[in-house]
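Scrolling down, you'll hit the structures one after another.
In what comes next, chain A is part of two complexes: it sits with chain B in the first one and with chain C in the second one.
Take a look at the complex of A and B:
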């Protein structure tokens, strides 16, 4: 009896009172439906249908039909991510000075909102042999035969540009607008030319934000799924790792193998993200604001 | 010396102008292709036949009637409405109180909890969707509408938390203290004081959840059964089995999906900035 008020008081001093418990439902939810499934999947991946604990992983890394998916996915995801990020920077630098940004950002948010399935259907029409793009190419004599852009590597690549570039650009824009323009003005006043200002002032300040953008864009591109099936050649050049995981789970009903592939997918993503963040550690860290504090 | 300097700056000015033109041309090219892609779907959904010409041979609205029956659009729309409504409601009920605690209380392990809320937003849905679907199937929850709702809540609950934290931090804590002094319990303070003050933030967060849930393909795809498909999953199956049905009919369905999504996007954009739709990792 005597202990109770003091315990409550002590807890309250550490920030724990009745109201703090309001966070518990959300925490319980994420633990139950995100953390638990992940740990369960990890456990399941080591209890294969047949063979020893590691046989799923052994099978993945000995069967080229399975392990090739990592290379295939990287071959799509890495160029797309680099292209999107590299193009985003100069465009964002230009757009930040624009007074009416809203129209452009609204147009660019449309493909993100519509999602990959709709973009896949649209591109199947638009890039197809009888689509408008090929019609323009033929009309202007830029091509003699319709260029094949769907059901192959380029279909998936372009769909990832259509949905990925706006995503990358809007993230980059939010980082670029966070840099105080007076820093650049100071550089200009001291005689630095545009290229120097970019290389010496802006880029170092943007590196932390760009690394996050690069990570998020890469992770998205690496987990490409619907457009690889609909716009690509899912049996060959665009058989990405998520297709392999899906087929294991829902076509062969081998949930153990599917979990193993999902874990490998997560591991590759984590590996690349950690590598990128490690590289970021070498770069400048400090305030991107100017003036006093 | 002066002459040299002048030519350099002039060269720089021309270079800068060319660079600016190149960038705007690039942006224009991207936007043009994007709009043309959307227009293709729209035009095709109204066309009678469209093969080797710039525009279709004629126009008709019959594909919409056909899509309505063929794809059982009324059922799909009802399922979509139920899923989205439940996800919006539950993620608000779980997320807003949690965001309140994250904004106002300093408790041990807070950084770990923050990481816990960030992870489902950083890991792509297909990666955690497969183990999640496995667990839900074994619990007998997948293959029906409850599985779809539970799976869709995984990214939306943390999303609401992260969006709401800054909104709550903006409110003066003395208002809450005053309410408590005047005898309001925790529940009363929430309903009478905090929720009305937070309405713009809650509206923004829930509208973003709504738009994201309509378009959430992967998680719904992995957990939906035949009677619990949402619009985007039904569209995927229609495109996947293209050739079975007329392309115009699929595009009519795609237009229904586009309109459903874009109407809510336009409403959402009245309350949020477009950059907020992607600025999901800003909580870190």
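Take a look at the complex of A and C:
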């Protein structure tokens, strides 16, 4: 063994040394709080109260009361995500030229820090049948009956826009400001009008970043729970998939079924995220700068 | 190559100004550019030369003054309506488009027929000697090649005026000399007018028909490279044009319109450039004009010496403590005591007016 380098040296050559041990706490953390519960849930979902290993999944996909929740959730999450991303792009384009960017950013971050429950409570009061909005509408004769904006689809929709937009916007802003402004100037010098500069120069460079933004915003909207219960109609049009999982776990005490629903929920999210990232692979990937310097 | 420049007779800047808050980046700059001229805007950093170029391009609105292209007032127009070409300091190539698509962009914006675009892109690629690189992305070619693409992209639309913002500052010394010749060649070939921003006086002198020296947002002098080299109008322009010895002195009129000055404790004759008041003056001498000679009036002790191939450039100190930059054809060593002399017509005398 004399002619071989020591084990320690060989490990060091592969990038493993004392400092590598510093990642162990993080690994333990991830294992304990993410990997173990996930595997536990996965295992649990295959050990139903009755029937074979797949009977939970079979039950989910044969009962429209359960499988319809996928469609219901998508019907809320997809439009909300698209709206948030589509609106955040022009706003970010405008904001990047503002001097008081920080003030605006602070104002937008507040809904994130308040949390969904507080926003939901606030919206209940504001948009409810006796809320300010309806009182103003009735007072000025703009509506004959109170407009129903809570305890239905639109309540959840609005709440998700309010809590989701700042997050989407801040991500978009960081991607928009990452594009070298001299590229647009070069476009203008070559005769491109604002719309052409956006379509031909900015948008192609933003596609990778916007895809990531879409993915993150979508996952956030898809896992909606508090506002679907508080502002929606949790028995009907806003019976999202997380409500189904909640009912299985805490109303029927069927943890196995709840785990199966959670797995299906995760699978749908992963499917959409992978599809989006796959599309992104077709677009230009590289620096959004104009050259050296 | 059949690129003939869209014509104009002259471009006039009339008292243009640009303020940033309380800072006047440009103050009442007036300039007339003739068709086909190569103008260099020269000055130290912060002098307003890039601001002037951006105002001309339409990328920065003016806060005062007007810009005329013959009889048409163009300063209210946006950059996309002016039709000027611009080469950016960082090239600003579209990173997601191939070299060909970058060059074709301006022609596509003009909605030219597809076969015409293809032909003109080919011509432009050949003009900048990049015929082989058309299919590559900007990130896949070298800095010098990116520079050529940026030039091709700016000129393929046959703009009446090409604006260049320190285009060579990101290149290494050898490539910079090559591209300098290339830019001059293309300018001559196309016959367009060029306005070129630089802080490098060598670059300005070798490229330009006329040089505009800017300082603190104001025009200090406009002239041919020869005029600026031989006869800078002010002491600060002289310093910028390579007159490294700017010595404070007294000045008294002498015969033949010359003035007598004191440099390093010795009396010298010089040419008054500015009107001299009663007070102090400055004598400006290029290091290459100050050389050792047996009857040289200025005594100096050599402090450092630098070999530059053909001759030596050194720093000496006169008896009164004045630091003097000089040239010597023979080897001298630190510590040597020299007699330095200069021809009277190569001593320029400026007032303290600035």
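Just so we're on the same page, the second predicted complex is superposed on the first by the 286 of 293 C-alpha atoms of A that agree within 3 Å, B and C clash if a C-alpha of one lies under 4 Å from a C-alpha of the other, contacts with A are read in each partner's own complex, and residues count from 1 in each chain.
Just so we're on the same page, contacts are C-beta pairs under 8 Å (C-beta built on N, C-alpha and C of every residue); 3 or more make two chains touch, one makes a residue touch a chain.
Source: prediction; values computed, not measured.
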* To do: Using the superposition on chain A, decide if chain B and chain C clash or fit.
  => fit
* Scan A:34 for contacts with chain B and chain C and give back first, second, both or neither. => first
* Look at the residues of chain A and decide whether chain B or chain C touches more of them. => B
* Asked: Looking at the overlay, what does A:196 touch: chain B (first), chain C (second), both, or neither?
  -> second
* So, does A:115 touch the first partner chain B, the second partner chain C, both, or neither? -> first
* Asked: With the two structures laid over each other on chain A, which partner does A:204 touch: chain B (first), chain C (second), both, or neither?
  -> second
* If you stack the two complexes on chain A, which partner ends up touching A:22: first (chain B), second (chain C), both, or neither? -> first
* Structure fact -> Smallest Cα to Cα distance in angstrom from chain B to chain C after superposition equals 7
* Structure fact -> Going through chain A, the residues touched by chain B and also by chain C turn out to be 193
* **Touch list for chain A against partner chain C, complex** => 180, 182-183, 185-193, 196, 200-201, 204-205, 284, 286-293
* **chain A to chain B touching residues, read off their complex** => 14-20, 22-23, 25-27, 29-31, 33-38, 40-41, 44, 87, 90-91, 94-95, 102, 104-126, 130-133, 135, 162, 165-167, 170-171, 173-174, 193-194, 212, 216, 219-220, 222-223, 225-226, 229-230, 242, 245-246, 249-250, 255, 258-259, 261-262, 265-266, 269
* To do: Please give the residue numbers of chain C that touch chain A in the complex, ascending.
  => 57-59, 78-80, 83-86, 88-96, 105-106, 109-110, 137-139, 143, 146, 150, 153-154, 157, 170
* To do: Note which residues of chain B are touching chain A in the complex, please.
  => 12, 16, 19-20, 23-24, 26-27, 30-31, 33-38, 40-41, 44, 51-52, 54, 94-95, 97-98, 100-102, 104-108, 113, 116-117, 119-120, 122-128, 130-135, 137, 150-151, 153-154, 157-158, 161, 186, 211, 215-218, 221-222, 232, 235-236, 239-240, 242, 247, 250-251, 254, 257-258, 261-262, 265, 269, 273-275, 277-279, 281-282
